[in-house]
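Two complexes, one shared chain (chain A), two partners (chain B, chain C).
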Partner chain A sequence: MDGYGGIQVSGFVRFLESLDRRWIYLAMAIAVAGPIIYIGLTGKTLPETATPAAQAVFDAIEELPSGGHVLFSFDFDPASGGELIPMATSIVRQCAARGHKMVFIALWPLGAQLVDETIKRVITADYPHMKEGVDYINFGYQAGNEAVMKVMLTDFAKAFPNSSNGTPTTQIPVVHGVTRASDFPLLVTISAGYPGAKEWIQYVVSSSGGRIKMVTGCTGVQTPQLYPYYPTQLTGMLGAIKGAAEYESIVNDAICKAHPGTTTPAKYLEAQRRMGPQLGAHLLMVVLIILGNIAFFAQKRAAAGAKS
Partner chain B sequence: MKRMIPMWIAIVAGFAMLFSAFFPVTESLGEIFGDMFNVVAAIAFILGAGSLAKINLAKVSRRDPGWGYAAVTLACFALTLAAGLGKIGAAPNPKFAALAWSGDERAEGALFGWIYESALVPITSTMFALLAFYVASAAFRAFRAKNIDAILLLSTAFIVLLGRTFAGVVLTGWFPDWASGLRLENFSVYIMQVFNTAGNRAIIIGIALGVAATSLRILLGVDRSWMGTGGSK
Partner chain C sequence: MKLSKAWIVVLLVVIALISLRAMTGQGMGRVYVKAAPQTVEISADAATGTEAKTIRWMEWHAVPPKDYTAAQAADPAQTSIQMSWARTIGLWMAAFFTLAIFSFMYRDNPGYRVAEAVIIGVSAAYWMVIGFWDTIVPKLLGGLTPAFVREHILPTQIDQSFTQNIAMWCALALGIMLLMRLSSKGAWISLWPLAFIIGVTAGLKIVSHVESDLLAQSVATFKPLAAVQRDASGAFDLMPTIWKSLANILVVVGVLCCLVYFFFSVEHKGLVGRGARVGIWYLMITFGAAFGFTVMGRVALLAARMEFLFDDWLWLIDPAGKRAVDVAAMIVGI
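And then the complex of A and B:
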């Protein structure tokens, strides 16, 4: 109790004050690994209720008539893949199930590879009847950030003269009738930063005079920055892995309802599975903040007691 | 001259882009400068590669502290560049069976894809995942309820942290319907949509005004700091 003005928890407070950060790292590792192992073994996921922003993403894709053009921009790299790949997977799955024509581009250099992976994971694996060039196409990466968006507003083929495999844009059936960005009724951007969702809103959605609807899946860091645009310029938004899990559960429910008796493959449950580790990590953060403050106030009280 | 030419390029291109948004007559001029920007952006990659090589080669040749990292950077850069530009495939092309690695460079097992899959993805994902550990340590040591502002920040953090997980549902899911707005999952959405939006909009408007003012200074040639301090003669 010495040095703490008679506080009974002095030993505990001393322990907190001298706690080595490696114990915190270990606690975080357990908080994250525990749910991963449990969910991996049992296959159980936590239930999700969709927020209006996530429901709006689903509705925007559902409301588009079957065969409508959807422009996807993969504006992220593998570093943000933990949050963004599950939502990209589910959005592409819903579009494929609805029979939409999908046009993929990337404004981040590594986005093109992520497009290829998503196409393989969803379209090639589960929708083999969809043909490259007819139902979907990957135009790959284009340098220039906002300038690419500006050029797309007036001439899509000028911004992307060839697909990623070298086919001239004019010879690709899926983009016949598409001359400019505003010919896409729906724009989906999977965004991790700059250039990303914010630039698409500022340079394309705002300039199209409301002809393009835009939905986005973005990282947790970007979510607060994009709320000011929702729901006027931004029709729907999936914020971080939580938004991805909500949206994933709606898509899975809708597909299971349309095809009763089918089971959902594990690759379409990734976001919901990751909500377990997120729960563990968030709870630990709350506990750590409380413990840190207990130590802080005990120290403050002891200092005040010593003065008096 | 070194400063006058870039300045006039910026003025002409800037005004062309500005007017193209307001006057349909100048729309095509804006497109031309947009195309030129895309070409310049692509060329900037060469400049970037040259800069990376120059800095790291200098470090290696001077044997600066950590020159080994510079050597690894250069080796990885050269390997990736060769794999990408050389379009090295995994197997021989059926048309040219005698030529090894002449197959599709985008096929499974090709060198460029292998570098991406086996090195880049794990490295970047690991770096990002490490954040959780640092944030946890920082939360324990720095997040203190020192004053009213900090208490508000802490309370908001608790609501959002719990509201974004199933813990929110467990803790407050039993609240009656008339108090459903106070359920953590709903309250966290309310905080994001109302308080966060209001604050962010104020920041966005402020930034926009600042950008407009700075842009105007550059367009009029008043602000030349973007050209740097070198080569003033």
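And then the complex of A and C:
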């Protein structure tokens, strides 16, 4: 007997009902680990086609004249690094390849260290001709959340009086001519929550009267909250690891076209590598949802049969 | 609770594979560092009485294991690249805590509790340190006594204007008043700084929300229902026109129906009821999309941790070419 008023349900449905959830966890671990190992050993990644939101991020950086100022705000910490570090890496790479002047700030305490790591990984390693203070600068973390944004709108040097290594802002060549946030034609936020992309839109982009273009790379959790701002208040958006993989593939293609014969280093394929585990996990979830529905409708049918 | 036989088998297989990986070939989970001598020359400055001097120190930068292998092959007695015990222990601790957190999926256990307690303790301490060194010292103390802070704590502290200095004294007073919450008799005093905080926050938020969410979003909703699209030559383009118009209609209908759903002054019957029902569908699709994105984010984080375990710890994969060993050799650990 099976608890449905004597009506028999199949053994398979009973198996689904009594399945220990830990077997599902194990299946998920295998679904994620399998593609990681396969991609890690073979180096093969899945092809990506850019959506308009990811393409808009690429276009916004490309359209900026070479040597234009880009303000980066690293508003995340290592907990979101799995999604956001590949975005940060690729955006900094595109800006460095275009010769833009990069100014880095962080409104999350650990963002400052992530800026340093990104600079080492991309600029120091592959664009050694770029000089700190002349082509890029890290202003580090500043406490105050929205208050920092509001102060930046009127006086950048007041919000960030020194760079992270203690050089006074007035003595840093890369920010000569920059007095307020609206002097940056492009703002890039890598955002994991509060304060992040939403606050930048609310306190800086909206108040600048359209003088600042903003693009963002954000976590999957934030993406649905930011979609209403695209494309009017938010020029472009990389949503979750999928957005990162799309953008990474456009940047890699563009750089390979500009320098024929070069291969893309593995560090610039991180997001595309992570799409394999996504595929495995999503396929498993689709199968589980189908099985769950089969069990649900079988139970319902059995219960209806028992009543009649 | 006892482990079931199947789970014991799974656990033993995992332990056996890790042991095999650790004991064969080039091993696993080691961090190598390279000596990078640093020098700073300080020139004499008569104005400040600074004497000329040279400061030297050693930094150890992490390098991929293949650099160590190459250096050893060239000179087995070299010491410029060596294994860092401290960083290696850190790597193994990271692997242990990752597995300890994962172990909760099986069931609650002491390993998980240790990892959880460490996370909470480290986070609390970290935020206290950040709060002290990034807010209290540079902003409050630096605002009140910039010269003292510059001399003894932060050499980069800049002077404040008179009004900024006064503002900092006000901030100090409000901060002390807020701490009166801890007093049973003077708790009412903390209501004043709370009122200040709420008032300032509300003022800031109202303006920004009206500008960016209410007005800008309302403007973005005024879309043409028939959005005529033209190609590069200026000719009418049918399919883009259909798709763009359809997208605009969906946005406008969605906004109206969701607003109707949240309009409770009229009973949800007839046309209003049908509109509210469509609104529910829109909301459900939105929640589904949000859930889907959340799942994608979590899977990405899981993948990142597994990559760490397989790459940095187990040396099972090498996507970045850090160890320069071919695929077959990596699998068997030669």
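Rule of thumb we're sticking to: the second predicted complex is superposed on the first by the 299 of 308 C-alpha atoms of A that agree within 3 Å, B and C clash if a C-alpha of one lies under 4 Å from a C-alpha of the other, contacts with A are read in each partner's own complex, and residues count from 1 in each chain.
In the analysis below, a contact is a pair of C-beta atoms (placed from the backbone, for glycine too) under 8 Å apart; a residue touches a chain by one contact, two chains touch by 3 or more.
All values reported here derive from a predicted model rather than from experimental measurement.
When both complexes are superposed on chain A, chain B and chain C clash.
Of the two partner chains placed by superposition, only chain B is touched by A:G292; chain C is not. Contacts of A:P128 after superposition on the shared chain: neither chain B nor chain C is touched. Contacts of A:Y141 after superposition: chain C is touched, whereas chain B is not reached. Legend: residue contacts after superposition of the two complexes on their common chain; A:P228 is shown touching both chain B and chain C.
Once the two complexes are laid over each other on the shared chain, residue contacts for A:G209 go to neither chain B nor chain C. In the superposition on chain A, contact of A:P65 is made with neither chain B nor chain C. Judged by the touch definition given at the top, the superposed model places A:G81 against both chain B and chain C. When the two structures are aligned on the shared chain, A:Q278 is found in touch with chain B and with chain C. Contacts of A:I36 after superposition on the shared chain: chain C is touched, whereas chain B is not. When both complexes are aligned on chain A, the segment of chain C among 128-136, 236-244 or 272-280 whose C-alpha atoms clash with chain B is 128-136.
Counting contacts by the rule stated earlier, residues 25, 29, 32, 79-82, 142-144, 150, 207, 223-224, 228, 239-240, 242, 278, 281-282, 285 of chain A appear in both its interface with chain B and its interface with chain C. Per the touch definition, chain B reaches chain A in the complex via residues 21, 27, 30-31, 34-35, 37-38, 41-42, 44-45, 106, 113, 116, 120-121, 124-125, 127-129, 132-133, 135-137, 139-145, 154, 157-158, 161-162, 164-167, 169, 185, 189, 192-193, 196-197, 200-201, 204. On the side of chain A, the complex with chain B involves touching residues 19, 21, 24-25, 27-29, 32, 46-47, 49, 51-53, 77-82, 110, 113, 116, 142-145, 147-148, 150-151, 154-155, 158-159, 164-165, 207, 223-225, 227-228, 230, 239-240, 242, 275, 278-279, 281-286, 288-289, 291-293, 296-297. By the touch criterion given at the top, residues 7, 10, 105-106, 126, 130-131, 134-135, 139, 155-156, 158, 204, 208-209, 211-213, 216-217, 219-220, 286, 289-290, 293-307, 310-311, 316-321, 327, 330-331 of chain C touch chain A in their complex.
By the touch criterion stated above, chain A contacts chain C in their complex at residues 22, 25-26, 29, 32-33, 36-37, 39-43, 79-83, 109, 141-144, 146, 150, 161-162, 166, 168, 201-203, 205-207, 219-221, 223-224, 228-229, 232-233, 239-242, 265-267, 269, 273-274, 277-278, 281-282, 285.
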